[in-house]
Every structure is written in C-alpha cells, then in structure tokens.
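Only one structure is covered here, and it is reproduced in the block below.
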Amino acid sequence: MHKVVLIGAGRIGRIHASNAARHPRLQLAGVIDAIDASAQALAQEHGAPVLTLDQAMDDADIGGVIIASSTDTHLDYSVRAAAAGKAVFCEKPIDQDLGRARAASAALSSARLLLAFNRRFDPNFRALKAKLDSGAIGTLESLQITSNDPAPPPPSYIAVSGGLFKDMAIHDFDMARWLLGEEPVQVYAVGSCLVDPEIGRLGDIDTARTVLKTASGRLCVISNSRRSGFGYDQRIEAYASAGMVRADNVTESTVQVWSEAGAAADRFQNFFLDRYAEAYRQEMDHFADMLDGTPAAVGYADGVAALALAEAAARSLALGQPVAP
Amino acid sequence: MHKVVLIGAGRIGRIHASNAARHPRLQLAGVIDAIDASAQALAQEHGAPVLTLDQAMDDADIGGVIIASSTDTHLDYSVRAAAAGKAVFCEKPIDQDLGRARAASAALSSARLLLAFNRRFDPNFRALKAKLDSGAIGTLESLQITSNDPAPPPPSYIAVSGGLFKDMAIHDFDMARWLLGEEPVQVYAVGSCLVDPEIGRLGDIDTARTVLKTASGRLCVISNSRRSGFGYDQRIEAYASAGMVRADNVTESTVQVWSEAGAAADRFQNFFLDRYAEAYRQEMDHFADMLDGTPAAVGYADGVAALALAEAAARSLALGQPVAP
Amino acid sequence: MHKVVLIGAGRIGRIHASNAARHPRLQLAGVIDAIDASAQALAQEHGAPVLTLDQAMDDADIGGVIIASSTDTHLDYSVRAAAAGKAVFCEKPIDQDLGRARAASAALSSARLLLAFNRRFDPNFRALKAKLDSGAIGTLESLQITSNDPAPPPPSYIAVSGGLFKDMAIHDFDMARWLLGEEPVQVYAVGSCLVDPEIGRLGDIDTARTVLKTASGRLCVISNSRRSGFGYDQRIEAYASAGMVRADNVTESTVQVWSEAGAAADRFQNFFLDRYAEAYRQEMDHFADMLDGTPAAVGYADGVAALALAEAAARSLALGQPVAP
Amino acid sequence: MHKVVLIGAGRIGRIHASNAARHPRLQLAGVIDAIDASAQALAQEHGAPVLTLDQAMDDADIGGVIIASSTDTHLDYSVRAAAAGKAVFCEKPIDQDLGRARAASAALSSARLLLAFNRRFDPNFRALKAKLDSGAIGTLESLQITSNDPAPPPPSYIAVSGGLFKDMAIHDFDMARWLLGEEPVQVYAVGSCLVDPEIGRLGDIDTARTVLKTASGRLCVISNSRRSGFGYDQRIEAYASAGMVRADNVTESTVQVWSEAGAAADRFQNFFLDRYAEAYRQEMDHFADMLDGTPAAVGYADGVAALALAEAAARSLALGQPVAP
C-alpha cells in the first residue's frame, strides 16, 4: 500500500480522493485544502486525517501527492512535491502561462510527474490508439478531433479560465500530440462567439476550429464549442492509408425506441464525471503503477507542449494567421 | 427484346408493368384486365395495346405472361399460360387452397414459372443469404424472421385475405425455406388479436409467433404483427456456428438528429412499394433472364411448399398443438 | 453502516463481497465457506473475519446475509437466515426443484429476501422497462428475449446444471414476468442439440425457443443458445401499440474501424462479469436499501414463479406440446 | 413531353441520357459528341438521332440542352444554348477559370441554367437541409463537410483537373454555401501530399483542410482526401444552437455480420455513380420541372461563387494565409 495525499478538496479532488481510497494499492493518507471545512469534510468521508502541506512533505511514508488545487498553484505544488521526492499526480493544465511552465523545467523535467490528461486513460480513446498502433489501418494521415461541452460555464468561470484554448482545447492538443506521432509545426485557429455574447464581452470565443500541421504534412482539425446541444461530445476520427478508426460518444444505455419518427437512441452522457469515470479510475491506477516504478505515461513535458499549442492557437487567432508553436 | 403481357392492372400490376416497360430486354406488349378502363389507362401509359386473354395466348411472339390479377385466378392463368408455352411470372400466393394448388402439379411442375416472392430479390436479404452461403459464419442453426406491417389493412381486406398465415406470413415461410436449407418437419403457431378487435371478429389473428423445426433440429421463429407502429418492419437474423448475420430495416435517409434526447435516425421506410422497389426491379430482371433460358429461381413447388406451411400454421393454431406440414 | 456476511466464497461470491466491501453503507463483517482456505483468502482480502454459520446467525449486529453458495444450499440458508431475522440476498435460482421451493413458502413468503436476478438491475434493461412503463410506446403486446451465452460450459457443469431452462433461461423467464405485466398461462418449448453433441448425450439441449402466452394474449419468445459465436448476447425487444423499445448488446468500446470491408464495431462484451458489473453493484445497492427498510424489488415468490416456468418449459419439451405452468 | 438533347456522350453524359430517356416528361431528342462513334452508340441505345450542334440549336422544338462535355466547353455551350432560348443543364464546374466564368455574366445571369451540383439533389443531403430549415435544431453555427474519394485518379487526370479545390472540393464549396445561409468572407486552406507522391510532382495536393468563415462568424471545415480507404466518404455534420444534424455514408446493404470480432456492417458504397444514382435522377427531374417553368434551384451564380471559393482556397494554400474570396 502506497500512502498518497490530496491537495485540493474541490469537485475533481473529491473524484481523485475516492478513486485513491478505493484503489487496492493506495491509501489516502491525508487531505490538504486552504479551506479547512472542505478538507475536514472530505478527510472524514474517507477516514483520513487533515494535514498541512508541511506535514505531508515532511512525512517520508507518503509516497505520492495528488494536486487538484486551483490552476495557479499546480506548478508550485508540483515543484515542492518533486523536491520532497514524492511522485506527483498533477491536474491539467500544468499552468496557464507558458513562460512560467517552461521555467520549471529544471525542477520538473525528470520528476516522477503524471500530468492528468484524463482522456489518455479513457477506454474508448485507448482502443482507438491501439487500433492505430496495430497498423490495421496503415499510416496515419489526418485527425478530426471534435470536442464540445454540453453547455457553457458561467461567465465568472470564463473570466479566469485562461480562454477556450488553454481551458478546454488543451485536452484536444494533448490528444493531437498523442495520436499524431509528430509535433505540430504550424497552428491556425479561427473562432467566433456564437453561443453566449457574454463570453465575447469577456474577450473570449466559444466556437473554434484549429488546424495543426506536422513536418511530414499530417493534418489535424480540432473543433470546439462551449455548447453542443446534445451532451458531452467528444469524438475522434483518425484517417490513415488503409482506412479510418473513430471513437464515438457514449450513450446512457443501449436502449432504442422505434416509432413512427424512426429509431431513437438513448441520450448521450452529459456530464464529464460520468463520461470519464473509468478514465479517472485508470488514471489513478496508473499513478499506483508509478509508485511501483512504472514511468509516467504523460508528464511535465507533455503539459508544456500542450500549453505551447494552446498559446499558439490564441496567438494565431489574434493575428489572423497561422503561426509556429 | 422479349414481348411480355400483363394480366391485372391493379396496384402491383402497375409496378410490374413499369418495370417491364423500362427493362432493356423486355417489351410490354399488352395489358389484360377484366375492368376495361383499368386496362386502357395502364396500356396507354406505356404505349401498349389492350388485349384479350385469347389474343395474348395465341400470339406466338409473346414469350412471357405476368400474372398480377386477383389471387383466385393465379392458378388458372398460370396453367393456361404454361399450356400456351409462355414463361410465367405469377404473383404470390400460388393459391389460397393447398389442395387446389397441389392439383395443378401436372400442369405446372415443369413449367417455366417464376413465383414472385419478391423478398428473395431484395438486395438486403440476398446479401444476407450470400454471407450465409459463403460459410463466413459457419453452419446455420436457427433463424429469427421478423415481419410486421406498418398498419393493419381494412376489415374488408382481412375478410378475403385467407388469414394472416396465407396472406402475410406466406412470405416468411418462403424466406424460412430459402434460408434453412432443409424443409420444416414441425410447425407450431400461437396467435392473438391485439391490434384490432374487428380482425378477431372476422375469425383472424393479428399477432402471431410460428416456430418451425427441421429434421436436423434447426429452429426458426417467425414473428408477425399486422401493425408495427414504426413502419415496414422486415428483418432476419440467422444464427450459425461461428456467429450471426442479420438484415435490418431500411431508413428514409442516413440523416440523424442529435439533441438532448439523444441520436434520432430518420424514419423507417413505411410502404412496401418503397421498401421493395429494387426487389421488384430485380425480380423482373430475373424474368428477363428466364426468357433468355435461365431456370426460375423460385417456382411452383416453392409456392406450394410455402402454402403448405401456412396451412400447417393455421391448423396448429386451431389445434393448439404442433403439427407436421 | 450495515454489517453483512457472505456465505460462499466462489466466483460470484467474490463479486458480491467486493461490492459489499466498497459500498458506503455496508460493511463486510464475515465470510463463511465450507472450504476454509477459500474463506480465509477472501476474508483477508477485505480485512474481514472468517465466521461459522452459527456465529453469523447468532450475532445480532449482523443485519444481512449474502448467499452465494451452491444451488442446493440456497433454500436452507435462506430459511435459516430469515428465521434469524436477517435480510437475505440469495443468488438465483431459489432451488432446482419447484416442489422444494414451494414448500419453503411459509418460511420465506414474508421474509426480507432479495432473489438476485441480476438482469433486473442492469442499466440497459432498466432503461427499457422505464420506457415501457412511461407509456411512450403504448400498451405492450409482445416480447422477444434473446439470450445466448458466448460458449457452452464444460459437460461436467451441464450434468449438474438442472438443464438449459433452469440454469440459463431462468433469467429470461424472470425478465419475461418482469416486463409482461401478466403471468404466462401457456408455455411451449422446442429444443435441439446443435452446439455440442456431448450436451445431448447428457440429456440436455443447447438451443431452444420458448413461447409464452398470457391470459390477455400477450406473446413472448425466448431464444436461447449455449453458444453465440460473438460474445455475450442478451437483448430484449418489446413491441407495443405505438412502437418498439429494445435493449442491445454492449460493446467493449465505441471504436469503429472503417475499411474496404465496411464499418466494423468493437467486440461485444464476452464475459458475464463484465457485461453485468454495474448490475451487480446496483443489486448490492438495493440490498443496502433493503437494510434501510425498502422492500425487496424481487423476492421469493419471483424465484418460485421463474422456476415454475422453467419446469413448464422442460415439461413442454418432453411432451412436445404446450403446457400450463 | 419536352425534347432535350445531350452534348457529350462520356461517362456522366450516358447517365444523364439514360435518366432523360426514362423520364416521363422528357424525350431524349438527340445526342451530340465530337467523337461520332460515341454519339452513334449512345443515340442508338436510346433510339435518338445523332445531331450537330447547329441542328439542335436551330430546332425550336428542342427545349433543353444537357451539357456533359469536357469542362473547357461548358461556358461556350451554355452561352450558345441560352442564346438559342433553351433551358440549360450544365455539368459542374461552370469553368476552371473564375475570370472567364465571370465574363459570361451578361449572357448567363438570367439564363434558365441548372448548374448540376448533384449533391444538392441527394436524398440524404436534402433530408439534412430540411431538418436544418425546419428549425428543429435551432440556428446554424458551424459545418463539418467530409468528402473523400475512394481512390485517387490517375496522374493524367490530375494534370488537367484544375487541382483538388476546383475539381473535387468544388462540390463541397457548393454544399457549404447551400447550408451556411451566408457567404463565406474568409477562406483558409492547408494541404499536403500524403496519398500519391506523383500528385505532388504535378504540383497538386491530395489531402486538404479548408476553413470558411462567414460575416456573422459561422465556421465551416471541409476535409478532403483523394483516397479514403473505405469507399466513397461523403458526410456532413451541421451544428446548431439546439443540436446537430448529420448525413452519413451509404452502405451496400443493411446486412451486418456479428462474430468474435464484433459487429461488421456491409461495405460503404464505393462508386459515385452508385452513391448518387438517385441524385442524378432527381436532378433530371428538376430539369423537367424547369422546362415546365420552375426556376433553377442552383444556377450560374452558384457555379461562379463555388469557383470563387475554390480559387480562394488555392490562393490561401499558396500564400499560407487566410484570404477573402
């Protein structure tokens, strides 16, 4: 059993706490949160103590730190935990600022750090990558990544989100890098505000298309909207020399109703905690593997690279031209 | 060009006339109907003459006769046309009475007669049979034939229909024989009147399940209802030693709407003339092949055998026990 | 927290133990198994003690007993636990002998007993029932229950299984009763041995069709095979006055490969512990609800009724005639 | 009956000839082709005379001219036929040169000219547009148009094709205009040569993504490849404020094979003459309507506008920047 502590008892922190607590090789050994009541509530739920950051860092029995606090603290906590010799599970994004993120390179480049891009652990996307890697459809040529949220967040969230590219598309940039097999060398982004005018007043967009191109000419389109109108819409199509492999949305059940109107399937899963429940479990399982010695499947450098693409997309949007990332 | 004449200018006759007229190797050389106005209208539409039966039979240039008149005339016209040396295209059923149908054996057993079980010519069911015959899923073990009409016919039709088994399930009995590769040796039927009480008052049923068993133990269930609630419902599942092959319903288009309610496909085709438009064309093409010398793919003996199964099902229903056909 | 004990540390017992141990309102307070090593191993895995049956029954703090031992012990343990005032979670079937099962009526009719027909807790079948109950497709008229195992069990299992109807179709009889809304009054079964001749030598069948009819004329076909050739095949179609609702098989992922051969979906789930993992969790959750006072959703009487239908099917098969259950 | 003549007896001309000849309101009254043998063969097939262009233009009984000759002749024949007072059915593209096409404005702007963008007449895309126009999914926000050929044409064709944008994507630009409800004001294209290096040596690309933006901010991505690896791949997704509507590829049949590998659908239609057989029929039917007085659904101005977008895409590709069309 590896002892791990959680920093950040918010919504996503509670998911990770629960997965760690239920994992056969992990023990949730402490909860840390700036808001004492939040820490107490979550700690009590899992029979774990509330700790201070210092206590956790100084306890040599604690092998892993799960960082699910606010984005602006991700880097500092990661550096601190890495320095203390802990394995780090850090929520995405690594930071909202590429310069800051890169500046942590000395501290984090060789840390045992899992950057928690949950989609890499989703069974559907993993099955897609396995098909691609198997060579069953030949050599990859292009990608279509569709990633639409069910509904836009409140303006208060938008204001501190870092913008659509860093907040939402960051996952898609990571998916693109994971699947393309080459780094994008050119980024073009175009965007509009079509969903909620308030998002536009805050200087952000809610609808975007980003086109990536790699050195060998592979193309990738990322389609984003803050609102799909039909639930959580996360699909990937990978086109290759001998066919295509796609991962589709997930429905609530396999039930269909056939009526005069035709065949109607059940609703698409609407909430990311449902859609990615298994991905979060697999991600925590991978963290347990890391504590057993397995290298991180996705780490600090991936977090920086995805952030660089997000910044490039924002720059392209501002300039109205393709840019190098 | 082979000259063919049509007997019976009703709904199905008009389909066959149109397909014959457009066929590159057929010429619609005459229309025969007891109702002169019907014959005139259809003949004019295709620039063909109205003929009497005698004229058609006596004209040695006429090679084929398409019989689409009322069911009680099918046998007589077939015998007459066969005796005149014509190739015969006879609408199903061969007759409503098994004794009568069998009595025509001497006259029709070796006639060039296509019994127009249109489903044998449907591209979907043909593709299913091709898969089965290819051995791709091993040896056939059982069949599920689902055959539901969009809506019940008027009681006036029910009264002269010959009953659900002879009128509607006759197609399914033919499909069963075509696919099973063995003759059924046992028939069990159960039925209810759930759709329209008037059908029950006329002594018929509107909902049925028929179970066939062959000598080697292959099983087939035929599911029938006079009303599906969702269009023309005609599906087959064939289970074999290495998997299953199925043919599904046909939709109006490939369009789907994705909304909060989920993914909704377009309507299923509702009308048999839409659903089987291509089957009717292929059937006529096969008749052209017969006029070129190809043997009939489905003939008199098949019509009798399907009718025997329909009678057996009716007998089983009446007795409440399985029977031999 | 309700304390529960498990009797029977075999394959299905281990699933229930794990679900109980992880349930927020349940505590696995003991493991009982005739084979001490099995009991020890499972108990240790969950940090629970090994108990004798007497210890468990005498401990007033233990509120619930999960019976996952061999079929021939289900009734005795249920009676004993009910007499001790425990809530009972009893694996299906209630027994292999209808007379014995009925004889326990006095002891079990009003017991707090959950008969663990897991499919009632499957999210897909629950969604199907919810649609049906919502009236969205009108009044139920007929059911098609398809239930095929991936591959036949070894002959040694067949020999003690009680036969296809009691061992395998018992689930389907329960589904039929759950959905039909009326008790079947007539049962007709036909069967063959097509999958494995050894099954036939043991006096059993491996392929069957059973037709049920209720007093109002509702029809239900149950299709069974010991081997599907394509994984765990468990589907239901419910036909009603305004359409149809169906629950389909579950695939390993949403991934499709599109190639010259067409679109190929991922494999169907093959193993019942995968296919019904969520059903087993929901079932245990319901048991927790029972310990909080909720009546059992499916109990002793349901177990007896499903067994009666299984015996009727076996009788019909032997007689070659429909029978009353 | 309206008399129409065909100019150009090549592959697509033969399709139009056949559809005109079978149309109940059209009579194929002549075939014109620079290669006499081609004209003779097709004319004979339909019992029509071979004509010279002058004969056709001078014959006041001929109401319509179908232009299916080589692209460089489309404009001249259209101008000539319009001047002769004929209704014109002109194959796409209107021309390969935007300047030339625009120069014909005086002659063709008010001509009765159907520019034969066949996809506008495809039942699937029409059903998609009908859903969109119905308001069922709210206000359109963005489009994904996927358009991949089964396999690349020979280099000899590429050399005279006008390039991927004018030859292949021209259809997609028309679809975009048809569905967007607004003219694109910005075009960005990126492309690669990934399918066949010979295409690159000829200065063309075989893989492209084009992003269109309208004045109100609607976005459209067009994805093109000269080779799909799985047949004719032509799909559209339209995203709107209340959901999405999509049109999918068409399969050869509804047959599926279920095996250990999962469910495999039948092949996608591979050949454009199969995929769009009905579209070609509907297109000719619309031409018949035009001869009865209906205005053209898609005409000269649409041909010029699609060509302008194709030229803009080529310019954007060359410049590496978005451009105005």
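Order as written gives the chain letters A, B, C and D; numbering starts at 1 within each chain.
We adopt the following convention: a residue touches a chain if its C-beta (ideal position, glycine included) is under 8 Å from a C-beta of that chain, and two chains touch if they have at least 3 such contacts.
Small disclaimer: the values here were computed from a predicted structure and weren't measured.
Asker: When A-C is set beside B-C, which has more C-beta pairs in contact?
Answerer: B-C
Asker: Of the other chains, whose C-alpha centre is the longest way from the centre of subunit C?
Answerer: D
Asker: Go ahead and note the Å separation of the Cα centroids belonging to subunit B and subunit C.
Answerer: Using C-alpha averages as centres, the distance is 42 Å.
Asker: Quick one: which residues in subunit A touch 2 or more of the other chains?
Answerer: 137, 228-230, 242-244, 252, 258-260, 266
Asker: Help me check something: in the complex, which residues belonging to subunit A touch subunit B?
Answerer: 228-231, 251-252, 258-268
Asker: Considering the complex alone, what residue numbers of subunit C touch subunit A?
Answerer: Checking each residue of subunit C against subunit A gives 22, 123-124, 126-128, 131, 136-137, 242-250, 252-260, 266.
Asker: Okay, in this complex, where on subunit C does subunit B touch?
Answerer: Per the stated touch rule, the residues are 137-138, 141-142, 144, 146, 148, 186, 188, 190, 192-195, 207-209, 211, 213, 217-219, 221, 223, 225, 227-230, 233, 239-244, 320-322.
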